[in-house]
Structure formats: C-alpha cells, structure tokens
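Read from first to last, the chains carry the letters A, B, C and D; within each, the first residue is number 1.
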Amino acid sequence: MIRVAIIGASGYTGAESIKILLRHDGAKLTYLTALPEECGAVEDIFPQFRGRCPMQIEPLDLEMLSDLADVALCCLPHKVSMGYVPKLLNAGLKVIDFGADYRLKDVAVYEKYYVKHTDTENLKHAVFGLPELFRENIEGAKLVANPGCYPTGATLAIAPLLKEGLIETNSIIVNAITGVSGAGIKPSAKFHFPNMNENLFPYGIGTHRHMPEIEQVAGEIAGEKVTVLFQPHAGPFDRGILSTVYCRPKEKVNNDKLLQLYGDFYAGEPFVQICNNAPGVKDVAGTNYCHIFPTCVKGNIVSFSAIDNLVKGASGQAIQNMNIIFNLDETMGLI
Amino acid sequence: MIRVAIIGASGYTGAESIKILLRHDGAKLTYLTALPEECGAVEDIFPQFRGRCPMQIEPLDLEMLSDLADVALCCLPHKVSMGYVPKLLNAGLKVIDFGADYRLKDVAVYEKYYVKHTDTENLKHAVFGLPELFRENIEGAKLVANPGCYPTGATLAIAPLLKEGLIETNSIIVNAITGVSGAGIKPSAKFHFPNMNENLFPYGIGTHRHMPEIEQVAGEIAGEKVTVLFQPHAGPFDRGILSTVYCRPKEKVNNDKLLQLYGDFYAGEPFVQICNNAPGVKDVAGTNYCHIFPTCVKGNIVSFSAIDNLVKGASGQAIQNMNIIFNLDETMGLI
Amino acid sequence: MIRVAIIGASGYTGAESIKILLRHDGAKLTYLTALPEECGAVEDIFPQFRGRCPMQIEPLDLEMLSDLADVALCCLPHKVSMGYVPKLLNAGLKVIDFGADYRLKDVAVYEKYYVKHTDTENLKHAVFGLPELFRENIEGAKLVANPGCYPTGATLAIAPLLKEGLIETNSIIVNAITGVSGAGIKPSAKFHFPNMNENLFPYGIGTHRHMPEIEQVAGEIAGEKVTVLFQPHAGPFDRGILSTVYCRPKEKVNNDKLLQLYGDFYAGEPFVQICNNAPGVKDVAGTNYCHIFPTCVKGNIVSFSAIDNLVKGASGQAIQNMNIIFNLDETMGLI
Amino acid sequence: MIRVAIIGASGYTGAESIKILLRHDGAKLTYLTALPEECGAVEDIFPQFRGRCPMQIEPLDLEMLSDLADVALCCLPHKVSMGYVPKLLNAGLKVIDFGADYRLKDVAVYEKYYVKHTDTENLKHAVFGLPELFRENIEGAKLVANPGCYPTGATLAIAPLLKEGLIETNSIIVNAITGVSGAGIKPSAKFHFPNMNENLFPYGIGTHRHMPEIEQVAGEIAGEKVTVLFQPHAGPFDRGILSTVYCRPKEKVNNDKLLQLYGDFYAGEPFVQICNNAPGVKDVAGTNYCHIFPTCVKGNIVSFSAIDNLVKGASGQAIQNMNIIFNLDETMGLI
C-alpha cells in the first residue's frame, strides 16, 4: 500500500483527496497536516467524515514525514508551496503539488502573475501532470505539478486540434464557468451565500493566472506559440467547470471529421469521453471524467468540456498522477 | 413627503428599505448612514441601485439628522441600537428600531438573552410593531420595536388560536426554516456558498433569542403565560421563513371552523392571506404578505405561515409601521 | 389610465407583467386571457398574487376586448401570436408582441428558423421594441415586436461599437448564460429541479433562433451585414442573462476610450448603466436595468452585459415600450 | 461475485444503485431493466455513467433473469412492484424491494393509504430492511422491504428512546424536510426548476404514506402502539432529509444521559453517528450515514437526524441489506 500524506489538508482539495483515498485499494492515508490553527480531528473539521476517517490533522513534522509516507499531496497555496516542496523531496517523497508554483516553466511569466520564484531548481524537473497529454513524463516523475482546474478543462477541449495544427493559434477564446468550490474554503463577501446564490458573474478579466498556464500547455501541444483569451465566470453551484472554447479552423472541417479526430486522439483514455451532444457539469460532478463535445458552428469550431473542478480539476487528477507514478491501475480509487 | 433616514444602511435590511422607499409615494430617503468603514456611494455598496439611487451612505451626524429627517429606520444590531435610539428620539425623530433592544418588555429576560440594557426608560414606551395585533398602539408611537422575523411569522400563524383560547398554551412547537439573508451580510464559514448550498441544518437549539420574543407576544395575545419550543433551521435559499407551528387544541376543532376563525380574525388585514392549502416561501418572496394555512392533523392543529424575512420580517413591516405612524395608506410602497 | 390586456397571461412573462402593472401609476390591468384550460383566478394560478390582484384569467373574447383595453401585451408563443395579432390590431388596440413573429424583417429568415409566416402585412409595419436604439420609431407605433431576451442583452452590449464602426463585423461571439425562467413555465426533464440544480450546460448549439435576430439588429445599427456566433447556456438560477461578447477592434482602442464611448452613447438612458467593473446577474434581478462593462483584453474587446430576462428581456421592456407609445414617463412602473 | 439485477433502473434510485455497485468489490451488475419506452444504453439515459457502465437497460425478461442474477433490487413504484416480486422470488432470486408494497404488515392500513394488496402471501414473510433495528431478520431473508426514506431518518432518530420506553408514545412529532430527488425523476409543475428553486413548502399534510410506516416501526420498537404526527416539507436541494423529532419524556432526562443512551444503542453500527451538535444534510450527502443529535429543550427531547434520501434512504440501504443477506462485509461498496 502506498502511504500518502496530505500537506495542507484543511481545505476543499484536501477533503476531496481524503474522500477518494478512503476508497483507494492501493494507497492509504498516513499523515494529514495543516497550519496549527486549522488542526484537529478530521471528523470535526469535515463532518462528512464522521465515522469514516478516525485521523487527526496535525502540524507538519518534516522528520516524521519521511518515515510515514511515500508520496505527498501538497495542497498548499502558491508561494507557500515552494517553501515546502524542496523539503518534501529531500525527505525522499514523491510530490504532487496542487498549486501553481511548479506549473509555469518560464520563471518570468510565473513572476509576472505570482511572486518571485524561490525554487527554480526543482521547477526545472517538475512534470506537468495532465496524464492525457504527458503520461510518459509522469511515469518517472519525482515532482508533478498538478494542473490548474481551468487549464485541465480548456486544454483537453482543444488538444486534438492543436496537435493536428487545425486551428489558428491566435484565435482561441476560452469562456469558462466554475462552481464556487473553486474559490476555496475561506469565506468572503463575494461568495457569501446571499451574494453568490442566484448570481453569476465574470471575474479575473484579462488577468486570471490560468491564462498563461493554458497558453503554455496549448503551445507545447501545438509546437508553436499560442495566444488564448481566457475569461472565467463564477456560477451558483458547488462543483464543475464548463469550458466553451471558440476557435477558427485553418481549413474547413466538418462534424464527422471532428468527432473522428477526437475519438482517435483520446482512444483508450479512461477519463475522457467524447460526446455527441452538449455536456453539463452535473454529468461529471463527483467524478474524474472530462466530457468533451466538439462541433462546427458557422465556420468556427466550438468545443465544450465539462469537468469537476475538485476531482479532474484537482484531487482526482492528483491521484490519477499518483497511480501512474506508482504504477498502479490508473483508475484506482477513481471509479 | 415624509423624510426618512436609515441608520445602519449598509446591510441587507438597509438595502431592502432603500428598495421599498424608492417606490414609496409618500416618503423619500433623505439620509443614509453607516459606520465610517462602510460608507460610500449607495451604487457602489449595492450595485442593484446603480442609476436608481444617487445617494451617499455617510457617517452619522446627529446634528444634521434633526434637520434632515422625520423618521429614522434604525437598522443597527442589538446593543449598538440602544446607544443611538435615545439620541434619535431627542433629535425629534420617530424611530422604528429593527433590532431586539426594545422588543422584550422584561429587562431580565432581555439581559439573559442579550446584554445589560442601557435604555430602560425608552423601553417602557416602545411599542411592539406588529400591526395586525397592535395597530392602535403603533398609531401614536414615537418608538416602534420592529418585530423579529421569526416572531412575525410564528405569532401571526397562531394569533387567532391564542386570542380565542383554543389551544393548550404549554404545547406550542414552532419549527421554522429561514433563508440565508436572515443571517446578515457578514461572511462566515457557515454561510460560505459551498458550505451552505445544498445544505439545511438546525441551529440555535434551545437558545435562540427569538424564543422569549415569541413567548412574550404570544402571552400578550393569550392573556396568559405561554411556553413555546422554538427550533429554527437555515435552508439554501435567499429569502423567506416557513413556520410550521404545532399545537394541541383544548377541544376538538375542525378545518371549517379554523378557516372561519382565521378569516374573521384577519378580516380587512391588507397583508395577511388565509390560504386553503400549503404556502411556500416563494409565494411571498419580495412581498410584505404573510400566507397562513391552519389545519387539523390527528387531533393537533398545525398552522403554516410563510413570510419574506427581509420584507414582512424586517423592512416591509418597518415601512408598514411608518405608514401607520404618519397616517399614510398602510400599504403605500408595499404593493 | 391606460387600460391593459394581457393575452396569454398564464406564463412567467404574464405574471411578471401583472406584477409590474400592479405598481404602475398610469396604466391598469383590465383583461387577462389564456387558453381555456389555463384560466381561473389569478390568485390560484399565481399564489404570489394572493390578495394583490382579484382578477380572473379568462378565455379571450375578441368582441369584449375592444371595449376593455387600449393596449394588448401579447404573451403568446410564436406562430400562435401571428394568428391573434391582426385581430387585436383590428380591434383598435396597440399591440406589444412578446414573441418572435414580428421581429425578423426578412420573411425567409423567419421561415427558416420558425414556420411559414401568415401575417406579412403587419410584419412590414412592426417596430423592433428596443427603446435605446429605436425609441423614435416606437413612439408612433401600433405594433411593437418586443425583442428577445438574448438579443436585448447582446445588442446593448455592443451597440456603441457597431454604431461607430469600431469592430470587425464578422468577428462577434456572444457567449450567454440564462436563468431557467427563460425556458418558460412548462415542466420538462431538462429543467426538472434535480436535473437542473447544480448543473450548467450549453444548448441550441449553432441553431438558436435568437442568432438571426441578433444579427438583424446588429446589422441595422452597423449599417452593414454582421455575422454573430451566438452560444447560449442555461445555469441554475431563476433570473438573468449574462452576455459575454467577444469582438475584434479594427484599430487599437483603450479602456478609457471605450468607457467614454459607451457613456456618450447611452447618456440619458434611464435603464442602461455603464459600469467600471464586472456586472452580475443578481445586480439586475427584478429590475429593468442593463448593466454593461466593456473592456480591452489582449487586443480584443470584451463587453459584458447583465439583464433580468423576464424584465428588461421581456415584460419590463414591453411596459417601457408601452410607456413610450402612450407618452408616459418611460420609467413609470419600472423603478 | 453476487450478480445483481436492477428492476426499474431508469429512475434516481436505479442510477444511485448503479453508482454504488460500480464500486462494489463483492457484487456486480448483470441485468438492468425498465419499461420498454425507458430502455437504452445506460450512458445515454444517465450521462454521468459515460465510460463507466457499458450496459443496456432492457425490457424485463423473466426467463433470462433466473440465469443472470442472484438478487434483484426492485426499484418499481408501489402497486407495480407487487405484480413482479412474486415472479422474481419464483425465479429463485433474493429480492430487495424499494417500494411500499411489502412494508406495511397490516393489510388494511396498506389498503387505506395505497391500493388493494395482491400479494399478501409474500407480505407475511417480508422483512423490514432497517439493519440497525432488524439485522437478524434480514440475515436469512428472501424478501426485504427496503424502508421509506422518511421512516429511515425518523425512526433512527428516536429508536433508543422508544426501546427504553423513555417517551410518551402519543407525543411524537416528526418535522422533516427532503431534497427534491425524493420526488422522483418525473417532471412536474411543483418541481419545475423555476418553481422549486428558492422555494420551500410543506406537502402531504396529514396524509403522507410514510406516516403509518413510521408508526408501525416505532410501535414495533416500543412494543406498544405509537402515534406520530408526521409533516414533510420539500426544500431547494438535491439530496438529504433532515428530520427534527419532538417528543416528551416520561421522566426528566439530561443531555449526558441522552448521549450515553444513543451511544450505547448504536455502538458498533457502521453507519450511525451520534453527534454532539446539529447535523446538516450536506454532511451526509452521497453517503450511507445517518447523523443523529438528541438533546433536551425546555422539558422536551428534540432529536435531529440527517440522511441522504437516495443512499441511506434508498439505494445505499438496499445494498447494505444485500451485503447482510449474502454475508458480505456490511459496508462493502458503501464507504
């Protein structure tokens, strides 16, 4: 049994990781940590685990860690994460980092959108953990940068087009709508129930940090520079991201060809489903699946994808990566 | 035109009062105040008023107040309120207080559930502002204690039974479910969207401050001591309180008699509707109406009432009281 | 007092029109009709009107109509509507039609998206009822085609750009998300609560009937043919449409210039608010306002608009049109 | 591997059963049936199973059934169910029936609330499938009547009190609020999204069919006749039932004694959690757990319980029963 530590277990991705691992046949939770003020019994912090997980969330003790775990799911916020990841690696653990610190390969871009990078050494070796695109790299990785929720949905929606060079790479618009769990567990005015309920609004206009991440991954697939206009919105539901991606084909395509292309590209992928009609976020809620429907509209290609931001967009994908790293069945714990 | 000041205009009851007064033909907003850190243009604080209310919310200046307003809607929290109400009265204004400070006539009970009372003098003269029960007192009042949201729904649901002495006064159970706006505008973990959405839970078990308020009003109607077991719950919607009140009749009654009794009791009341089937909170959302359905079940009487907690349970009722005080049509601004 | 008939009063736009007209100082409801099987007391059909509207919804009697009303709000579905509108006009009434039958000027386009047109004569004289763009035509109109909800939000979002010829007219993408009331009152599997709640999905992909309507209006403003890729989505809330419109400027613009342009274009408009940050659908829920925020992102212009689909997108706009036709204050009943 | 057939797989309890069984290590789905017009690929009927369940839902063929399955989960509506159950039993299968046909032991009571009973023979031998109370009977059962969702939550909330004879058995009031999935998959006006969203209302006043079922089970535990006033409500969420049960103790009790009593009564139960504060429906959503909090309020006992109506209230409990019948670990598939 793989022994799993969750570093920063007191948020929504921590809870989702616990939930998945309770059902996992090849891995078990051995260590849960958080900031001292967020520690306590898992049951008290997350009542959904009453009777299901008799563990404590404790302050991190790096010395214990190396004896307790084979892999760390690092659910810390960006900036904080790169302070811990080197220590986790030094302790001999494999690390799957949920934050942004090891995703952007170009340090200058990272520093423009976030803060000064303090661990560029490990950044070099980090693997971007989107299995459908980079599975081979993940297999031997010590440090996996788990993708952002939006980049997961957006890039899966158009990867076949990029790979085949079918679209103008300066024409891509990603319009996405997320459920509120994507905003994290910390209360705020925007997400106070009476403000968010019955509401829907755009945010991060022109400035969202997932924009360069989408561009990086899309560029890597395409083998050329890709420009993406990414516009996120928040909607009144818990889970899910619907990405509606608009792009212009270089040459005329038709729906049959699109479906064939996507079907071939994702053949054998356990968690990608190519649909022949519009996906909804509820179809994938609570699952690690990505539903994709590509279609032609008035000379454009519109590709829709739906994922659960906490599962395929975070904890599920992390455990999919863990399964790959440890050579387990990739779907273990995720069905 | 009656000139209205709102003291503490930066919360949900403030916003609801502004909304109603923008449509009021006999009153106009002249002064809006809040704590300094919550001041600014109404449009910025509440985007729903963009283009509709070109006013500022300002720090309270008591000296200006007496020149600016005839009546103050005092939307301050309990304890804070009784620090200001004497000054508002001294400034010559009529005052309708939204908080609890002037509702409980028994100072000892107030102090048990809240804090030490510092304005017992005005408390003596304050009128409990439930027009359907105490309209005559309200007419000449200088200080009206606007009822709590739960007490409004609960007491209207059973007032005819209490008045006629039809029920055992130690048998009353009030099971109520409120929308989340009742919890106020301040963000908290409990009401963070991903925690509250798809949730429903009881709270204030055995301790809710509206329990003694319901008992006081019920006792006043009944002319004897009344004991109420009041259990509130919060549900995933913005507005509304559904009260399901269980009680035991002293003698056998039937549904026809109940409907007749309620119909007679509330005859001519502009905002009470006796229904012949179950009310829902959406039927009254955004209105000042109370829908009531009393019925017999297995030897008990069950009476359901639905109100909008922000309107009939707060701002609407306050303006109904204002209309009564100033001898305007009671429904003005409230249709 | 203008006397208003609502033809087809048993749906959501009928209810919303009733609600607005109950507060209208210059008009009163005199006649409500529906299909025989949907008739009855307004209070029974819409419990929200208990005590507020003691009227019946009756089967339409054309002979009575001419004596009873000055104007008909015709809330019938397309195809049905054009069977009645000629009779309403012949009865001497002004008509504001909520459906699509009189919106599309090109009969061929209408017949492609809907059915065979049976009243092309009146179609010729019908005025498209978007006051911010066509107020002068509305003033003298006998028949107003009230715009679709999506076209209202989408065209207001970009009208200043089109008018000034600032954008490529073949580059426009309208990504819109509507609340579920837009789907009407008739139950269906898609909008059954447990299917729609916590869900969000695209629909009408490449085929939505509001696409040619947006193109027609946009083309009229621009003075040239406009091609629009319109993609609607449904989200888990009652009211509101958020339109996110992407377009490419012909020349470089900046945010200041955009805000100035929009401010000038909509100067004096009572129901359009140009915002300096992202609008949300809750900001406009229950109001006749349209909030717009145009901005530049990576060489594109993105313009966001929010309206309430039942108010500015239907009943509110109809009554705004009615006010204009009858020379009343345009905002009457709508504040 | 136990081979499982689901009879009537096209509704919400069918889908939930499929979901659980996909994760079950000791059982596998072998046959899914529904009415001919509801048949098709599982993936098409329930998009949540795309890629997860490559089965068809087919019309029932009784002859195949005996070769295909060891147990039938019978998710048919009452009345229909008792037409099939004898055939399923004759085919040699164990049967777990989700409907009401085999729950009420008193045929007269059944026939008062439902229809004429046509299989009284099997009714005699049916076991009421609430494992926490009747586990021993379930172990050897051929036919298990899976309890109703409300009776599950309500009786678990007060079983220790009834067993110990601590409360007046004519004093019990069960106030319950369910999520909308409890109303089934068939669209209706009441549960049309724009009608149900932001709404909450009582229904089945004095007439709900789960009332006699609660009384029967409660009576069995108490060993005497029990009278229950049961009042259900529907709230705007997908899953969960919160039961708030009010009763009067025969003698004074205190909270410590209550918690001890409940702790002892449910010691070792894998799916019952005694809490020391108020449970919420979201804490148990998607799980087979029942969270209970009993407390004393003003001389009464109030006991709260929360379950997921589709899991512990239906499919989860059925599979818990299946596990017991086949001597599997009781929690298999349910963690």
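Definition applied: a contact is a pair of C-beta atoms (placed from the backbone, for glycine too) under 8 Å apart; a residue touches a chain by one contact, two chains touch by 3 or more.
Since the structure is predicted, the reported quantities are computational estimates derived from the model, not experimental observations.
Counted as hops between touching chains, the shortest connection from chain B to chain D is 1. Averaging C-alpha coordinates per chain and comparing to chain D, the farthest chain turns out to be C. Measuring from the averaged C-alpha position of chain A to that of chain B gives a distance of 46 Å. Distance from the chain B centre to the chain C centre is 36 Å, each centre being the mean of its Cα atoms.
Multi-chain contact residues of chain D (touching two or more other chains): 179, 197-198, 236-238, 279-280, 282, 285.
Within the complex formed with chain B, the chain A residues making contact are 12, 179-181, 183, 185-189, 191-194, 196-198, 236-238.
The residues of chain D lying in touch with chain B in their complex are 173, 175, 177, 179, 195, 197-203, 205-206, 227, 229, 231, 233, 235-240, 242, 244, 246, 278-282, 285, 295-298, 300, 302, 304, 306.
By the touch rule above, chain B contacts chain C in their complex via residues 22-23, 47-48, 50-52, 198, 270-271, 273, 275, 279-280, 282-287, 289, 291, 335.
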